[in-house]
Structures are given as structure tokens and as C-alpha cells.
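So, here come the structures, one by one.
Okay, so subunit A shows up in both of these, paired with subunit B first and subunit C after.
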Partner chain A sequence: MTAPTTVAHTLVARDLRVDTVTGQPVLNGVSYEIAPGEVLALVGESGSGKTTAGLAALGHFRRGLVHSGGDVSVQPGGAAPVSVLAAGERERRSLRGSTVAYIPQDPAASLNPALRIGRQICEVLETHGYGASAAERSARVVEVLAEVGLPADESYRRRYPHELSGGQQQRVGIAMAFACRPSVVVLDEPTTGLDVTTQTLVLRTVATLTAEHDTAALYITHDLAVVATIAHRVAVLRRGEVVECGSTEEVLRAPSHAYTLELVTAVPHLDGTGAAAPSASGAHVVESVSDGRHAAERHDVASGSGSASASNGDRERPPALSVSDLSVSYGDHRVLHDVALEVRAGECLMLLGESGSGKTTLSQCVAGLGRPHAGTVSVSGSPLAASTQRRTAEQLRAVQYVFQSPYSSLNPRKTIAQSVELPLRTLTDLDAAARRERVTETLERVRLDPALADRLPDELSGGQRQRAAIARGLVTTPDVLLCDEVTSALDVSVQATIVDLLCELRRELGMAMLFVTHNIALARHVADRIAVLRGGEVVESGTVDEVLDSPSHEYTRELLANTPRM
Partner chain B sequence: MFRLILRRLAISVAVLWLVSLLVFVATLLLPGDPARAILGQQATPERIAALNEQLGLDAPVWQRYLDWLGGVLTGDLGTSAASQGPVTELLGGRIGASLVLLVGAAVISTAGGLALGTWSALRRGRAVDHTVSGISLVVAALPEFVIGVALIVVLSTTVLPVFPSVTLAPPGEPVWSQPIQLVLPILTLTLVVTPYITRMMRATMSEVLDSGYIEMARLKGLPERVVITRHAVPHAIGPVAQVVAIQLAWLAGGVVVVEFLFRYPGIGQALIDAVNNRDVAVVQAITLLIAGVYIVVNLIADIVGIMTNPKLRAEVSR
Partner chain C sequence: MTATTTRPTLLRRALALPQAKIGLALTTVVVAVALLGPWVGPWLTGHDTTGFAGKPFQSGGIAGTDGLGRDVLTRFLAGGLTLLIYAVLATALGLVLGAALGMVAGYSGGRLDSLIMRGSDVLLSFPQLVFALLAIAMIGPEGWLLVLVIGITHAPRVARVARQSTVAVKDADFIRAARMYALPRRRILLREVLPNITGPLMVELGLRLTYSIGYVASLSFLGLGIQPPTADWGLMINENRIALVVEPWGVLLPVLAIAVLTVGTNLITDSLASAAARSSDATTSHTAKEASA
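== the complex of A and B ==
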């Protein structure tokens, strides 16, 4: 995409500084400008201050933050520029929602659950005196709902947010923002948490609306693939500073700053470059000092031809994990329908599915955490009971689970060592000394500094926590490791290191891995084979190459088409 | 939605019936003999037997229960053993007097608690908030008779002798004919109940104010007044209604102590007198009445909870 050739800028930030009330800088002099109709992507990882920078454009600072310098000004439609931050409370309020609008990250949390959606959109119009009469305003509500591709009839407008899907809620959020035809919109990760198909739809809506109305857009995101799809220019934010700014093409193809390069190389690609594959540039993101030591050895291990051995492995042996005719119903609703899977030792199967496809239910059935089901789950040829309570210690040891969020899966009151030791205590009869030795060994294996062993989870970063959670899964040397969306709560660069780690561990330990995810871009980096789950049924399965290069099912093709690429 | 409310109603009726059973059994277990309590220690066994027969106390227990329950359902609460008059007549005026206290305290404390809690939540972490929290904690820790006595000392006797410490109206005249005598009892009950409502409202409001939709409402440019009244308060009301209900239900019982303290002619006084006189019919009637208030108030809170939550509303109507 090329930037529109306009001289005047609609939104200009100059040396914007924001501190915490205790004086810690959050933004350290951020400057950017956006022309009418232009989309500027503000890219950064969690904690980089990108949301703070976005909200400052509306003159809003979250609790505990104070504006300490610099300015943001908007210039609505050729008029004189107005400083958002110098304006008084009343003036600022009149700018918000009318001249500068905000589209939040989590529409489910940002729409008032007790108000009908039509009401919530109309409210903005009323507040800012849009239209001369109530009839005119409700006509605008109808119009803007149609613009974002939602039905605008009376009964739809009278719905409550909980009666809409996530994608529809986000489009209501967009409608709310565009209702007053603002000159500037700030979009704060509006597609995080949406399925790729919905994401494409939302991105297309945003692109059309900004282009049509000549709206300047500040698009906050951590997803560089999305940036490539929507933005004209990119500003990379790191620790409250813009380290690089330029056209999307320039920044993504030829990054000039080392940090940008790290981010770009960490992005997983459908064709398998970047992320997990050890790249020639060696630009792996090192997330802690302890990781650095292992960087070299990691490359050696990863370059081995591990995965090939899995498929030509001993065909006579029963598969490490085999699922057949698995069906689960919640009441009348069938969540899984005759699902069959096989994962051999040393092999990784990617279970791909969007929200509601039943992928988590499936992995919970394997782990014995699910509801009663029909069909069989067997590990190394022996069938397992449906519930963990009826499985033997040996069977429990053989199947371990790593959860999505390392922020909630580790007991906050137990040290890392205690959490990792727990499965050994309950599932093996090792004595205390042997257990301690095994814990240390496992922590080293997941490249977690042993000095962190006695820390509480709160003291660790997200990536370190996920390593600890993986260590807990590995400590009993399971035959099958279930990874349930293990990277989706993490930043891209951390995601890359975790994916790396899982690949190596699988090769070193020869266990079978079921990698559950919604992110098809990770396929070439982690998996040997893919099973695509949709509406509780496996619609396609095969090797990664087969599925990605010549998808046979319509749905897989749709997923591939909707996955943003850089 | 109506089906759920009907179901709650049915449960309430069942609970009320259970309470009636418990009340009846409990009065059976009261030490002492009503007939002897009425006639005194010198009564002859013949006279006691005669009175027992007159009061229906010689019938089998289940029959006495059924008679009593039938009476309650038809509005006949029996005959007071002490005054020899019908219980309904005895309690008629007193229920009104107690209701004045209850409703007065309920309205003031609910409105005050919600306002104070909201105000405190909006000024979280500032001096005002700390002051409100501190004072409400101290007041919440004091039992009602301490508050009552303290108020009498301060506002009725030594410092500012403004309000009467006892009820002045002569018997037979409605209590509200002299509103000044209502001030201290109502103030006592209000002070007991308000802190809990305030603290709960502050906690719930703080949570709501931190939510995404409040931030969004502000970012839409809505005036702060609209943000609070339209977006924040409705969400806080549901959970707070439960606490308000518990507090109001407590008022129904707390009124006994406060009425005693201020010599106030309400049902609390009547209950104490009836217990002293072994006036079983009156004790039963008042206990059932207080239990009824508990149940009704909790039912209302449940309904408020359902009404303020569209999700619940929808699930229920399905």
C-alpha cells in the first residue's frame, strides 16, 4: 500500500511523555504524525506503552499515569489544529467520540452489557449533538451499522451485546467509533482474540471506512502480519520510545533497528521462515540472561534432522496417542463428533481450529479433564479411563498438559520449584533428593535459570512462566505432551522462543506432542502433521506440506486465504 | 423471567411454611406454662385445666398446629392470653408504628449508603475515601444499643438536648403525630445499617469504574454524570441489592432492641412483653411476621438482581 499524498496531518504527537505517579517513565518522548486517510501502525510488545500512547490521543490517561510533557493535536477537516492535552476537561470531552474516536481491544468488555447496542451507538450521537432530531440520529445508527456490515433492523438494534458474536461485537465497536464521522480513530488491537476469518472482515471494514471518510487511523498492534495488511506506515515502540518509523514496506522488509529486526524475524510464516527455524541472521530474541547461554547449543540441536525419524519410526509399535470415535455432547449440543487422531512417538500433530471448534474439549478428553465421552483414548496402545480419577499414576504420568495462560496456570503461592515438583510427588515414588535433582535437570532443559527456581510466578516474565509450566509438564517424562494454545498469551518474540524450545525438547526426548492452536502460521515451525477441526469434526488431516500446499477442504482454504502474511 | 420469579415465590412460600412449623415447635418448647403464667403461682389445678381447655391447649399438638395455621391463613392470629383480645387487634397499631421506623430507616440508609459509596468510589484513594471508609468501619463495629445510647447522651440529654429519648405520644395516638420522637430511633437504625451498604457499594462501584465499558463511555465523550448514572450505577445495583436486603431484613429484627431502648410502641416492644407473659399467640404472630419480612425483602433483592442483568433476564425467559 502507498501512503496518500497529503501534506497536512490530521493527528500529530510531539515529544509525548507520560510517567507513572511514582515517576517511572512510560512514554519517553513519542512523536508521530498521521495524514488524512492514512493508517499508522504503532507496533510494540506488551509493556512498550503503545496503549498509553493511543489513549493519550484522546487525552485519557489510565489510573496511575500522568502526562508529563509534549502534546497531541488534531486538525479536523482543514480547521485550525486543536491541542488535545492542553484542552480543558469539557473541551476534551467534546473532542472524544466526535473528532477522535477509540476502538478498544476487547469488545466484550467495552460494550456495556446492560444497554442495547442501538442505544449505545445513538448515545454518542446525542452527546455530540449529531443530527437535528432523534429521527435523524436513528437514521445515522442504521446507516453506520450497515457501513460495518451488520444488519440494521429494529430487532438487531435492540439486542444486548451478549447476544452477538465476538466479531459482531467488535463491529458494533467500530460502528460506535465511526458514528460521528471522526477525523481520527485510535484502534487498540481490535482483532486480537478474533478468529482469522473474522479478523479479515474487521480489517477490511476498517480499511474501507478510513479510506472512504479520509480518517486518520492510529492502529495499535503487536501483530506484524496484520500491520502488513492494513498499515501505510509503521512506528515501532520499545520501552516508551519510537525506535523506528517509516513506510510499512521499508520497516518490514528492511528494518534498520535491531529491535525491529528481532520482531520481524520472530513472526511465524506459513512458508516456514522466521520464528522457529534458526535463521541465518541469528536474530533470536533473548528474553533473559539465562537464555543467552543456551543460544549456541540450541542452534546445534535444532539443525539435527529430528522430525524425519518420527515418521519412518517403528511402524509396528502402537502410536503414542490414539483417539478413535471420540464424541462429546454438552446437553443437546455436540461438541465433538467421531474424532479420530493418531500421534506417533517423536511426532507433533497440530490440532488446528478456531474458537468453538472443540479443540480444547478434545485435549481435555485426552488429559482426562473433560466430561464423559464416547469413544476411546489410548496411550501406547492401552485405553485410558475418561476421568483422571480413574487413571493409574503411570497413565497420568504418561500424559501431561501445558495450559494456555502461564499467568493463571501456575499457583501464585508456590515457588517454581514447588510447582514443577508436584507431579513427581504425586505420580512417582522418588525420594526428596531425587525429585530435587530431577526438577533442576528439567529447569535446565527448558532453559530456565536455576536461580529462578525459588521465585514465585509473579516475579517471572510471561515467557519464563511458560517455560516453568512446560517444565512441570516434562518433569515426569511423559509419552504425550498436550500443548493447549501455549503461545497465544505471549508476545511474538517470546512465542518464537517457546516454539523453538518445544521443537527441540520433542526431538531430544522423543515424546509425542499434540499442539493445539488457532494459528495456522505456526504449522511449519512446530508440526509434522495437521488435523483441522471444525464444528467438532476433523475436516482435513495430513502432513504439513500436504495441508498447506494443497488443502483439500474448503474451510482450510478459507483459513489460509484469511491468514495475514507479511 | 416471570417463571423464575414465580419459582422464587413458590420457594418463599415453602420457606414461610417451614418457618411457621419451627415457630410453632419453638413456642411449645418455651419453658413455663401459659395458663400458670396467666393465673399466677396460687392457681388451683382445676382452674389451670379449665383455662387450658379454654385456650385449646389440651388438644393434640398437630391439631393445635393446624388450627393455628388455618387461623393465620384466614387472618386470625388467635387470642392473646394476656390481654384476652384478638392478636390482630393488639398488633394492628403496633405494626404501623414499627413500619414507620423500618421504612424510614430503610429509605434513608439505602439512599445514603448508595450515594456515599458511589462518592467514595469516585474519590478512591483520596482523603475523603479514607475518611468514609474509616468512619463506616467504626460505626459498623458498634452494636445498635451502643449507638442508641450514645445518641441519647449526645442529642437528648447532655450536649444538645434536642430530641426526646423516649416515645412521648400517649397510647392510642399514632406515633407519627409527634414526628420529633421518631428521629432518634430512625437515626439509630440508619447508622447501624448504612455502613454495610456504603462499603459494599464502594467496593462494587470501584470494580465497575475499572471496567472496560466505563472507560469506553468516557472515551465516547459522555459527560461524567451520564457515565455514572447510566453506565456505572445500574451494574453496581444488582450485587448491592443482596446486601441491602440482608440489612433491611436485619432491621426487622434489630427493631426489637431499638424499640425497647426508646420505649417505642411497636412490635418489638410487644414481642418482649409477650415473651415475658408467655403470651404464645402473640410471640408466634410476631416471629412469623419478622420471618415474613426477611423472606419478602430477599425476594425483592433477587428480583432486582434479575431485572438489572439483561443476561440473566434473557436466560430466564428462555
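== the complex of A and C ==
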């Protein structure tokens, strides 16, 4: 995409400086300008100040932050520029919504659950005195709903937010923002919580609307792949400073700043470049082989039917993890339906699914944290009880789980060493000194400085915490490691190092890994095989190459098509 | 987050607040009086607590004597210890019992939860003092009974707080991780849950202590707590009530002490509560940051 060639800018920020009340700089002289119809992406990792810089366009600073210099001005449609920061509170309030609109990250939290959506959009119009009569306003509601691609009939407008899906909620949010035909829209990670298919729809809506109405858009995000899809220009923010700014093409193809380069290379690609080192599948990984019997009996056994390269020894050994006929239901709702999977030692199976596909339920069943289920889960041939309470110490040792968010998986009141030591205390009879030694050893293995062992989780960064959580999983040298969305709570550059680490560890330790994720772009980096889960059923499975290069199921093709690429 | 300093504990953060310092000072003064009084008193005034020392209303010390001619100051100095011990024991009992029940109820959920919480609702429907009066009227004014009854009536109130805080943390991933290793429930509650709910429990501790002091003093005043001739602040207020106009010291000193003590513990409780609220603010803001990451 190329930027529209307009000289006048709708939104201009000059040398914006924001400090915390204690005097720590958050923004260190940030400048950006956006032309009408242009989308500027503000990219940065957590703590870079990108949200602060975006909210400044609305004249809003979060609690604990003070504006200490610079200015932001808006020039609505050829009129004289208005300084957002110099305006009084009243004036600023009338600017917000009518001239500068905001689309927040979580649509579910930003819509009033007690108001029908038609009413909610109408309220924005009333507040800003849009339209002369009620009839005109409701006509505009119908119009704007159509613009964002939602049905605009009476019954739809009378729905409550909880009656809509996440993507629809976000589009209602967009409709509210565009209702008064603003000159500037600030979008704060509007697609972060959405599935790729929905994300594509939302991004398309935003792109169309900004282009049609000559709206200047400030798109705050950490996702460079999304940036490549939607933005004309990119400003990369790091520690409150714009380190690089230019057209999307320039910045992403040929980054001039070292930090941008680091960010760009950290992004995983579908073709296996970027991010982690390629997963050297040929060298170490024991290629999977379908157990003839299983494949014959069940079409949905997720094993690489095409790879016959394994030796007979592998063929006879039971798979490290095998799941068959697994069904789970909550009341009448079936979350999992006759799922079957196999993961062999040293192999990584990626379990791919969007929200609601049942992927977390599946991994929790394997871990023994789930609800009672039908079917069997067995590790190295021995079936596991549904609850950890009824599993033997050996079985507990064999299966380990790494949780999604390292912010909640470590007890905030325990030191790293205490958390990592926990499995050893309960599953082995090692004495304190031996346990300590194992903990240190494992921390070194996950490249975490053992000097951090006596710190509390609060004092560590997200990546360090996730390493500690992985260490807890590895300390008992498991046969099967379950990784549940382990990268999704982390920054891009940290994600890459964690994925790298997991690949290396799998090779070093030869364990089986079930990598649960929604991010298909990671496939070539971590996995040997993929199983695609949808609505509780495995719809497609096979080796990474098979699935990515020639997907057989419609759903997989759709997922691949909707995954943003750089 | 790149913080390298250990975050100060709740207690330390609470004590940094000005009201905590005032509260602590007030409490310390009264506690010191109560603890040291029994030994310092006779030495200071030359009287013992129960002996007769002259005629009624004759001024025998700085604070005069009571209706029976006993030196008020000596009795005042001696009368705080029992009150304090009873109040602390009752609070401890209530807190331990309530926290245990609340954590079990919150963590288990389901039928056990309903059983414990509805049971405590029944207990909650009696005003605390009425319940205590009932028990004492039936069994008699015994010290252990006082502690037991006040402790038991505290328990459901503490249990509610403990249950709510437990429910808030029980689905956290670190609890799941502990369940992964098949830790027995008792150990999950003590090692994983308890350290994460100390904030609200500390607040509850301060609050219940304040109430305990009030109840022990009230029951003594009503003649159902500590029995004469033992020196006790609550009892002294009752005994000297008749001489209030002539000899206000007899009542004033114990009233003042009880008031200062309750205000002191209350201030400490307040600061604990606001420190706990601030730390949960910090947690929420962090969660928000994480979500926007």
C-alpha cells in the first residue's frame, strides 16, 4: 500500500513528552503526523509507551501520568487546527467522539451490557448533536451498521452486546467510533483478542472506512503482520521514543534501526523463516509414523500418514502420548468429540485451534486438570486417570504442563526456586540439597540465571517468568510436555526466544511435545505435525508440510488465507 | 517489569502510612500499660489491687480510691492484662477457625461450600453479644467460655472474607500447577492459597481485635465476664459508675484506655486495608498492562 499524497495532515503530534508523577519519562519527545485517509501504525512492545502516545490524541492521560511538553493538534476537514491538549475539558469532551474517536481493545468491556446496540450507537450521535431529528439519527445508525458490514434491521439493532460474537462486538465498537464521521480514529489493538478469520474481517472494515471517509487512523499494535496488512506508514516506538518512522514497505522490508530489525526478524513466518531457528526436523526428530491399526480404524487419528521413515523399533514402542476417543461435554454442549491424537517421543505435535475449539479442554484432560471424560489418555502405553489425584507419582512426573500466562502460573508469594522445586518435593524423595541442585541445573537448562532463583515472580520480566515456568515443567524430566499457548502473553521478541528454547530443549531431552496454539505461523518453527481442531473435532492432521502446502480441509485453507503475512 | 528491589510486604507498606504510625503509638502505650501495670502498679503506689486502703472516697493515690477504698490507679494498671489476653485469644480463635472454614468452603465449592456458609449464616443471624450472653447465662462466667464464645461468633464473619478471597485465587494457574502434582488439599490451601489472601485476613485480624476488646469489656461491665474482686477495666467502669460525679477518675481511666486501644487498633486496621487495596490496584493495573501487551 502506498500513502495518499496529501500535504495537509489531520493529526499532528509534536515532541510529545509525558512523565509519570514520580518523574520517570514515559514519552520522550514523540512526533507523528497522519494525512487524511492514511493509517499510521504505532508499533512497540509492552511498556514502550504506544498506548500513551495514542491516547494523547484524545487528550487523555492515564492515571499517574502527566503531560510535560509538546502538543497534539487535530485539523478536522480543512478547518483551522485545534490543539487537543490546550483545549479546555469541555471542548476536549466535545472533540472526543465527534472529531477524534477511539476504538478500544476489548469490545466486550467497552460496550454497555445493559443497552441495546442500536441505542448505544444512537447515544453517541445524541451526545454530539449529530443530525437534526431522531429520525435522521436512526437513519444514520442503520447506515453506519451497514458500513461496518453488520445487518441493520430492527431486530439486530435491538440486540444486547452479549448476543453478539466478539467480532461483531468489535464491529459495533467501530460503528460507534465512525458514527459521527470523525476525522481521526485511534485504534488500540482492536484485533488482539480476535480469531484470525474475524481479525481479517475487522481489518478489512477499518481499511474500507478510513479510505472512504478520508479518516486519519492511528493504529496501535504489537503485531507486525497486522501492520503489514493495514498500515500505510509505521512508527516504531521504543522506551518512549520513535526509533524509526517511514512507509510500511520501507520499514518492514529494510529496517534501518537495529531495534526494528530485531522486531521484524522475531516475527514467525508461515514459510518457516524469521523467529526461531528452523526446527531442524531432519537431524534429530524421530519422524512420526501412523500406527497402522489406528489409522485404519479412525480417519481422524492425527498422525503423519505419509512419513514411513521411522525404524521398526519406533513402530513397536508405544507413543509417548496417545489420546483416543476423547469426548468431553459440559451439560448438553459437547466440547470434544471423539478426538484421537498420538505424539511420539522427540516429536512435536501442534494442536491448532481458534477460541472455543476445545484445545485447552483437551490439554487439560491430558494434564489431569479437566473434567471427567470419555475415552482414554495414555502415556507410554499406560492409561491415565482423569484426575491427578488418582495418578501415580510416575505418571504425574511423566506429563508436565506449561501454562499460557507466566503472570498467573507462578505463585506471587513464592520465590522462583520454591515454585520450580514444587514437583520435586511432591513427586520425588530427594533431600533439600539434591532438590536445590536439580533446580539450579534446570534453571541453567532454560537459560535463566540461577541467581534469580531467590527472587519473587514480580521481580522478573515476562520472558524470565515463562522460562521459570518451563523450568518447573522440566525439573522432573517429563516424557510429555504440554505447552498451552505459551507465547501468547509475551512480546514478539520474547516469543521468539521462548519458541527457540522449547525447540532446543525438545531436541536435547527427546521428549514429546504437544504445542497448543492459535497461531499457525509458528507451525514450521516448532512442530513436526499439525492437528487442526475445530468445534471439538480434529478436522485435519498431517505433517507440517502436508497441512501448510496442501491443506485438505476447507477450514484449514480459510485459516491459512486469513493469517496476516508480512 | 524490571524491578530489582523486593516489593515491601503488606505490613511494611501499611506501617509507612501516617495513620498506622499514630495507631501503633496509641496501641503500644495501652498495651505497655496493660502488660507492665500489674508489676509496676504496687511498686508505684504502694497498694495492691484488692486490699483495702483507707476509707471510701479518701484520696489514697493520684487517681483516688474507689467506693470500697481501693486505689484506682493500682487497679487500673492491673486491670488491662486480662482484657487484653482474652481479646487476643478470642481474635486468634475466630481468625483461625474462620479462615480455615472459609478457605475450605471457597476452595471446595459445591455442597461443602453451601453447608459451611449457610451454617455460618445461622450463627451470623444472632447478634454477637446476645449469643455470648446466652452461652454465659447457661454455663456461667468463665474466662475460657468468654474466649470461646467471642471466638466462635467471630468465625463466620472471618469465614466470609476468607471464602471470597479464596474464590478469587482458586482458579489461578499456579493453583492448577499445584493440582498437577496432586498436592493434598490441605497443602494447597496452606502453601498456595493462604499466602495470597493474607492481605484481607490481616484487615480482618485488626477489625476482629477491635471488636473483641469491646465485647470483653462490655461483658465485664455487664458482670458476665471477669468477676470481682479481680481488677479489670470493664468491671471497674461498672463498679465506679455510682461514684461517677464524686470520683470521675475511677471510670475515666479505664474508659480512656479502652477507647485509646480501640482507636489505635482501628487505625492500624485502616492502614492495612488501604495498603491491601493499593496493592490490589497495582495488580489490576498490571493485569491491564498485560492485556494490552
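Simple rule for what comes next: the second predicted complex is superposed on the first by the 530 of 566 C-alpha atoms of A that agree within 3 Å, B and C clash if a C-alpha of one lies under 4 Å from a C-alpha of the other, contacts with A are read in each partner's own complex, and residues count from 1 in each chain.
The rule we apply is simple: a contact is a pair of C-beta atoms (placed from the backbone, for glycine too) under 8 Å apart; a residue touches a chain by one contact, two chains touch by 3 or more.
Please read all numbers here as calculations on a predicted model, not as lab measurements.
In the superposition on chain A, contact is made by A:106 with both subunit B and subunit C.
Using the contact criterion defined above for the overlaid structures, shared-chain residue A:211 touches neither subunit B nor subunit C, since it reaches no partner. Of the two partner chains, subunit B is the only one touched by A:162; subunit C is not. In the superposition on chain A, A:124 makes contact with subunit B only, while subunit C stays out of contact range. Residue contacts after overlaying the shared chain place A:58 against subunit B, while subunit C stays out of touching range. Between subunit B and subunit C, C contacts the larger number of subunit A residues.
In the superposition on chain A, A:403 contacts subunit C only, with no contact to subunit B. In the superposition on chain A, contact is made by A:389 with subunit C only, not with subunit B.
Of the two partner chains, subunit B is the only one touched by A:95; subunit C is not. Shared contact residues of subunit A, touching subunit B in one structure and subunit C in the other: 106.
Residue ranges of subunit C in contact with subunit A, taken from their complex: 1-7, 172-174, 176-183, 192, 195-196, 286-287, 289-293.
Interface residues of subunit A, counted against subunit C in their complex, comprise 45-47, 51, 105-106, 188-189, 192, 222, 367-369, 388-389, 391, 396, 400-401, 403-405, 407-414, 419, 422-423, 426-427, 455-456, 458-462, 472, 489-491.
Put simply, subunit A touches subunit B in their complex at residues 55, 58, 60, 62-63, 93-98, 101-102, 104, 106, 109-115, 123-124, 127-128, 160, 162-163, 176. In the complex of the two chains, the subunit B residues touching subunit A come out as 210-213, 215-223, 226, 230-231, 234-235, 308-311, 314.
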